[in-house]
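One chain, subunit A, links the two complexes that follow: it is found with subunit B in the first and with subunit C in the second.
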Partner chain A sequence: MNPGRVWTQARKEWTLFRRDRLTVALAFVLPLATLLIFGLAIRLEAKNVAVAVQDLDRTPFSRAYVAGLGESITFAVVRPSADPLAALHAGRAKASVVIPPGTERLLRRGYDAPIGVYIDGTDVVNAELIRNGLEGLAAASVPGRRPPVSADVRVWFNPGRKESLFIVTGVIAIVLGVFPPLLSAIAMVRDKEEGTIVTAYASRLTAAEFIAGKALAYLGVATAEWCAVVAVAMLVWRLGFAGDPTPLLVTTPFYLLAAIMLGLFVGSRVSTQAAAVQGVGPVNAMLTILLSGFMYPVSNIPWPLSLISYVVPAHYYIEVTRDAYVRGTGWPGVWYAPLALAALILLFFAGAWQSMRRMQLSR
Partner chain B sequence: MSRFGRLGVLIRKEFERVLRDRTLVAFLIVPPALQLLIFGYALRPQAEYIPLGVVDEMKTGRSRDLVSAFTQSRAFALHGSYADAGGLADGVRRGDVSAGLVIPPTYERDLQQGRARVQVLVDGVNSYNAGLAQGYAALILANYDRTLAPAPAGGAPTNVISFAYNPGLISAWFFVPGVIGTLLMIVGSLASAVNAIREKAEGTLEQLLMTPAAAWEVTLSKIVPLSILFLGVLVLVLTVARLAFALPMRGSLPLYFAIAAVYIVGGVSLGLLLSTLARTRVQAILMGLFINLPLMMLSGALAPVESMPPFWQAVSLFDPLRHFAQVTRGLLIRGAGLDVLWPNVLALAAFSALLIVVSSARYRSQLS
Partner chain C sequence: MTAEVIAARGLRVSYGKVEALRGVDLSIAQGEIFGLIGPDGAGKTTALDVLAGVLEPSGGAATVLGKSPRDARDDVGYLPQQFALFADLSVDENLAYVAGLRGVPRSEYEERRERYLRLMGIERFGGRLARQLSGGMKQKLALCAALVAAPRILLLDEPTTGVDPLSRRDFWRVIKSLAQESLTIAIATPDLEEAERCDRVALLYDGEVRRLGTPAELSAALGLDRLEIRTRSIVAAERAVAALGDGRGIEDVQSFGDRLDVLVRRGSEFDSVLGDELARAGVAVASIERAGPTLENVFVETLRELRPEPPFVAFPRSRPPRPVGGVAIEARGLVKDFGPFRAVDRLDLTVSYGEMYGLLGANGAGKTTTIKMLCGLLPRTEGTVMLGGQEHDLRSPALRRRIGYMSQKFTLYEDLTVRENLDFYAGVYDVPRAERARKIAWVLESSGLEGHGDTVVGSLPGGWRQRVAFGASVMHEPELLFLDEPTSGVDPLARRQFWRLIEAFARDGTAVLVTTHYMDEAQHCGRIALMAEAHKVAEGTPSEVVASVPGARSLDDAFVAIVERAGSRAA
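After this line comes the complex of A and B, so read on.
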């Protein structure tokens, strides 16, 4: 590979990119807008879950119990319906609690008193949180009881359990895994579609130099996007480095290159821009968002589907951003990320090179 | 030729045109079915088998009892024992374990006095899972206390919990309805945008202008065939969901397909609108992707709407996908009918009507 020719190819690519004003604008507006919308809107843990409470006991105990429900930040008490399931059916409440008549009397006599709880299982994301909350409330409402074993609970790294720390660090990886590959895929196919690739064939440029030049140019674009996205994220959500920033700084070029190479790879395999964009756009976006551990842990994905998540570059980078901004462990925790990303870069490069090489036989 | 005869011919012509494009048809059928399968199996929000590290400084039967109370549940899985809290801390930092239990050397003596304290550490990086882990730990301890404690002075209130509609908390039953709506919107709008732009590029649009067909007929002939095709895709993905995940279909299916048709027509019209805004297919797809991603994330398809901040919950009311996801979950999983779902249906109808009007107006101005 001749560095001079790679550089020339990169400069040509950069000029082409700069000339299309709309694409330049989209390249920066789309990631930033996505960052803001996702970062501000996506939360997993529900607060003020509507609970319909039917107090048939009407005693000091039951009233205290209902008041306890209303005071917890997890729940908001709403008007019950005659049938506890009707509120769930209508979607008015996520849970129905029925305190049967005679509850206090049972408790006073030393018996356990059943409390009916119906939780809407449709919302599996919050069903267990709601269950835990209600169970905790029941345990806390035992009159005059001190548990023999109690726990000091400490939440590490994110003591306030601020969800924005979890979501925003993920969104940084998501937008950079979604938009740069789109640009590079379009760039790869454009030459083919417009026929200008013939000039590349006619020149002394090899397939590897051709790919490397494009990758280099878009690495520049993606780095600029990264700076913008990280700067906005740090400003809006006050993200600060929790520890050693070098893993993030070292892994970032690997990640951006892996994302770009993915685009070039797909672009080299298809013949039209529309096909390239469809391949890299919706499909890559869904995979990146859903199989990278952005919202739900990768460890929950069953085998063999979990294998897919190993070729999703964002899977590794999310570990690094979360470590850099929240956990702060540094290299001992994420040493493998740049290595895995380097392997993906080689894989995608080889795939792109193979299909480009075939087209250059006429030499 | 009568009006409707002409419209019928236009629609048939459009149908043939769409079906002739093999890549488009493959793009309509294969990815949705595949993605439904992948995401239905892969997405699981529940924290199960959270890797737990234990520091047992007591090492007696009583302390091991407590450890097994933790590990017997589905919530935690024992991943390592550490000599001291420092070792556990390193394990959490490296990500080997995401929760820890520390039993002090004085545990047994404290227990006899009825005031033992243990430490529970939770990795807060995944704040949602940390909340679940905290809850599980508290529950396990409360139950453990109950087995230890001699009957307290009074009885205890005991929740008798049943999960309605989805007793096994199968996560696919939550995600599949969301993914169905997402795919119909993304694929529907992109396919119709690509299809309409191709016509512009090939110059066949001019040919249409020369026919006696009115502009609205041409617009309708663009919307109807794709919409029918997507109803077919819906049948396919519902069949896949039924076979793979035993997705319940408790409500009226004809009603569901009627509502879905309204939703799909909206998605196809959105694509038509995109095709009039964009000059090239790439621009149309970029715009489509940019619109679809927030639609997906704000809709509650992947994370419940109730979890979003109040402002964004209000914004999500303007997201057709939110209403369709609610209809799908309400009708299929909860078996609800129009008496409950009418606000969502009304909203969907309004969106689709608006999109048809705007897109056909723009499309018409392009025609003339």
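After this line comes the complex of A and C, so read on.
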């Protein structure tokens, strides 16, 4: 590889990128907008779930129970209807609670006192949360009837269980895994589509130099995006390092390069910008969001789909960002991430090189 | 004999099933200017791609400077047909990129950049983005880029297509001076006047070299003489010559605006009798001159031997022809400003039904802007336009149906087939359903594309696309036809075909306004106007325009003199 030619290629890419004002603006606006939308909008825990309560008992116990529901963060009590299911049908409530007459009396005599609960199961995840919440509340409202064995839980890492820590650290990885490859893929395919690649073909520039030059230029762009995204995350969510920042600082360039190389790989395999944008846009974004462990653990993904997650660069980087900002364990927990990303860089590079290696027009 | 620097032996290239080159042998000596001519799709670009090392041949061998073309790339400058530099980079940035790729040392780069930019006369535009350059300047930049690595061989693929005569002269001046510095140049061109300036020429046809030699050798080998007949009544003269029949040694007749070229067998005494014959037919002849055949004659005669000439198919009219005469297109005081820049300044012109009116001018003189304003695609800043008797509602559907427009850029959908494109345009222009099949069949037949209706337009050579685009713009039988450089990049035989079609439409009463860069084509027009720096600087029949410039022998000379005069006045 001739460094002079790589540099020439990189400088040309950088100049072209810089010249297109709209692309430059979008390169920063889109990642930041995505970060803010995801960071502010995604809430995994249900809050203020509307519960219609029909208190037919009308005793101090039942009133205390209803008051307890209203005080919890999870639930909000709404006006009941005559028919407990009507509130669910009308969409006014996600759950309907019926406290039958004589509940307090049964309890006082030492019997079990069933309370009727209907839960809207459309949203599976929330239905489960509502159920757990309502059961917990019911158990807690009768003092002195604790089960004989109980778990004494203490939350390690992220003790305040701040959701933003979980989401935002993931979104940083998602954003950097989605936008830089889009830019690099377009840069790759544009040369072919506009015929300007013939100028490179007519020189001794090798495929490796061609790819390396483009990667170098977009590594600069992606690094700038990373700085912007992290700076905003620190400002808005008070994101700070939980431990040694070295793993993050070492892994980030690997991650950015892997993402860019993925774009170059796709760009080298297709011949139009339209195809490149579809491949690196929706498809890559979907895989990155769904199969990287951003929302649910990779271990939940069934085989053979789980195999795809191993070539999704964000899968490794999310581990590193979450460790850096939340767990703070450092290298022992994430030592493999830069290695895995380096392997992906080589894989994508080889794929791009394979289709460019002749540096000639195809017959 | 000087050293052979380019050699090809039995070169073959196939794209899938299509054979673009089928066994080409070439030998080009150092310092030679070698021309490649041939119809569209003959394999000129493919041959240059192989020599430039950007395309691997499927058979045979090519050597450049004794090496494989790939290994010789450092010593070869290539100017591809399609502009391959970056529209969003400045002139300097583009040159720096190419110099960097080719490892030109910094100090030498600066010196060469200055030298070549000055040589091409674009040294003032170093900071300008390539997209803001005119077509001619873009090609000059591309030539500078091909030269910046100080190559020993220069490969040029149609470098002057879409370039005005003035810039074309600059181009050839540079090419000649480079050849004197013993640079070897291979150039593909559709312009046979240009090919006359080459040391040797190879005529490619269907992937094979069919003629090879100096222009003089090729012309002499034809065994024909060319008689230039000047007369005011071309149509009558052409009819009279045709009536004389084939038995008298007439090989070819071609009409130009006010001149008829008749090719006769060498030694025939035909010219002495021709004057009498024409006089007997009642045609007043101004002069008859005997001259040698041109390369264009060689080209046309060779191709006629090789393939049946695409038939001239009369357009299947569904309406009776319109009587000739009466004002069809009129513009008074036409002005167009783009911000502070005045693209067209107080232009007047009139075109009658049945007239072919040519609008000539350098790149950026305002021709395309004028044509776009006339057919209502671009709002005008000032002035009046009358189209087909109408001064208002120039965009009304009724009027638009009477107008045909073929733009400079391809207006066809590259991903649709020829037939799908024609179907689409027939629909857009309201060609009656019952007639569509007949009209589409005519386009296919007259452009020699019978049986290729299901070919995707993107895979056709440029010249054929132009023919389809022309067909698409006339299917609805327009009374007013606007053609913006319809024959740019089209080979000579196809160009003749084109002009015969256009002439046929004019004879049927269609008013034709056409722009072109080819001066020989402008000869087909009854009247021409020359534009320079937004103004009309000359108008008249081609002969009148030539006569208006003292010492000018051709329209080309006149063009250059008039444009230069206008330029110096503006400066």
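As a convention for this text, the second predicted complex is superposed on the first by the 348 of 363 C-alpha atoms of A that agree within 3 Å, B and C clash if a C-alpha of one lies under 4 Å from a C-alpha of the other, contacts with A are read in each partner's own complex, and residues count from 1 in each chain.
Going forward, contacts are C-beta pairs under 8 Å (C-beta built on N, C-alpha and C of every residue); 3 or more make two chains touch, one makes a residue touch a chain.
Just so it is clear, the structure is predicted and the values come from calculations on it, not from any experiment.
Taken together in the superposed arrangement on subunit A, subunit B and subunit C fit without clashing. Once the two complexes are laid over each other on the shared chain, residue contacts for A:120 go to subunit B alone; subunit C is not touched.
When the two complexes are overlaid, the chain among subunit B and subunit C that reaches more residues of subunit A is B.
When the two structures are aligned on the shared chain, A:200 is found in touch with subunit C, with no touch to subunit B. After overlaying the two complexes on the shared chain, residue contacts for A:138 are found with subunit B alone; subunit C is out of touch.
In the superposition on chain A, contact is made by A:11 with subunit C only, not with subunit B. Of all Cα pairs linking subunit B with subunit C in the superposition, the shortest spans 5 Å.
Residue overlap on subunit A between its contacts with subunit B in one complex and with subunit C in the other: absent. The residues of subunit C lying in touch with subunit A in their complex are 13-16, 49, 52-56, 58, 73-74, 76, 78, 80, 82-89, 93, 96-98, 100-103, 129, 145.
Partner subunit B is touched in their complex by these residues of subunit A: 22, 26, 30, 33-34, 37-38, 40-50, 65, 85, 88-91, 94, 103, 106-129, 131-136, 138-139, 141-159, 161-163, 165-166, 178, 182, 186, 273-275, 277-278, 281-283, 285-286, 289-291, 295-297, 300-302, 305-306, 308-309, 319, 322, 326-327, 329, 332-333. In the complex of the two chains, the subunit B residues touching subunit A come out as 23, 27, 31, 35, 38-39, 41-48, 66, 92-95, 111, 114-132, 134-139, 141-142, 144-145, 148-149, 151-171, 173-174, 186-187, 190, 194, 280-283, 285-286, 289-290, 292-294, 297-298, 302-304, 306-309, 312, 315, 326, 329-330, 333-336, 340. For subunit A in complex with subunit C, the touching residues are 2, 4-5, 7-9, 11-12, 15-16, 19-20, 194-205, 358, 360-361, 363.
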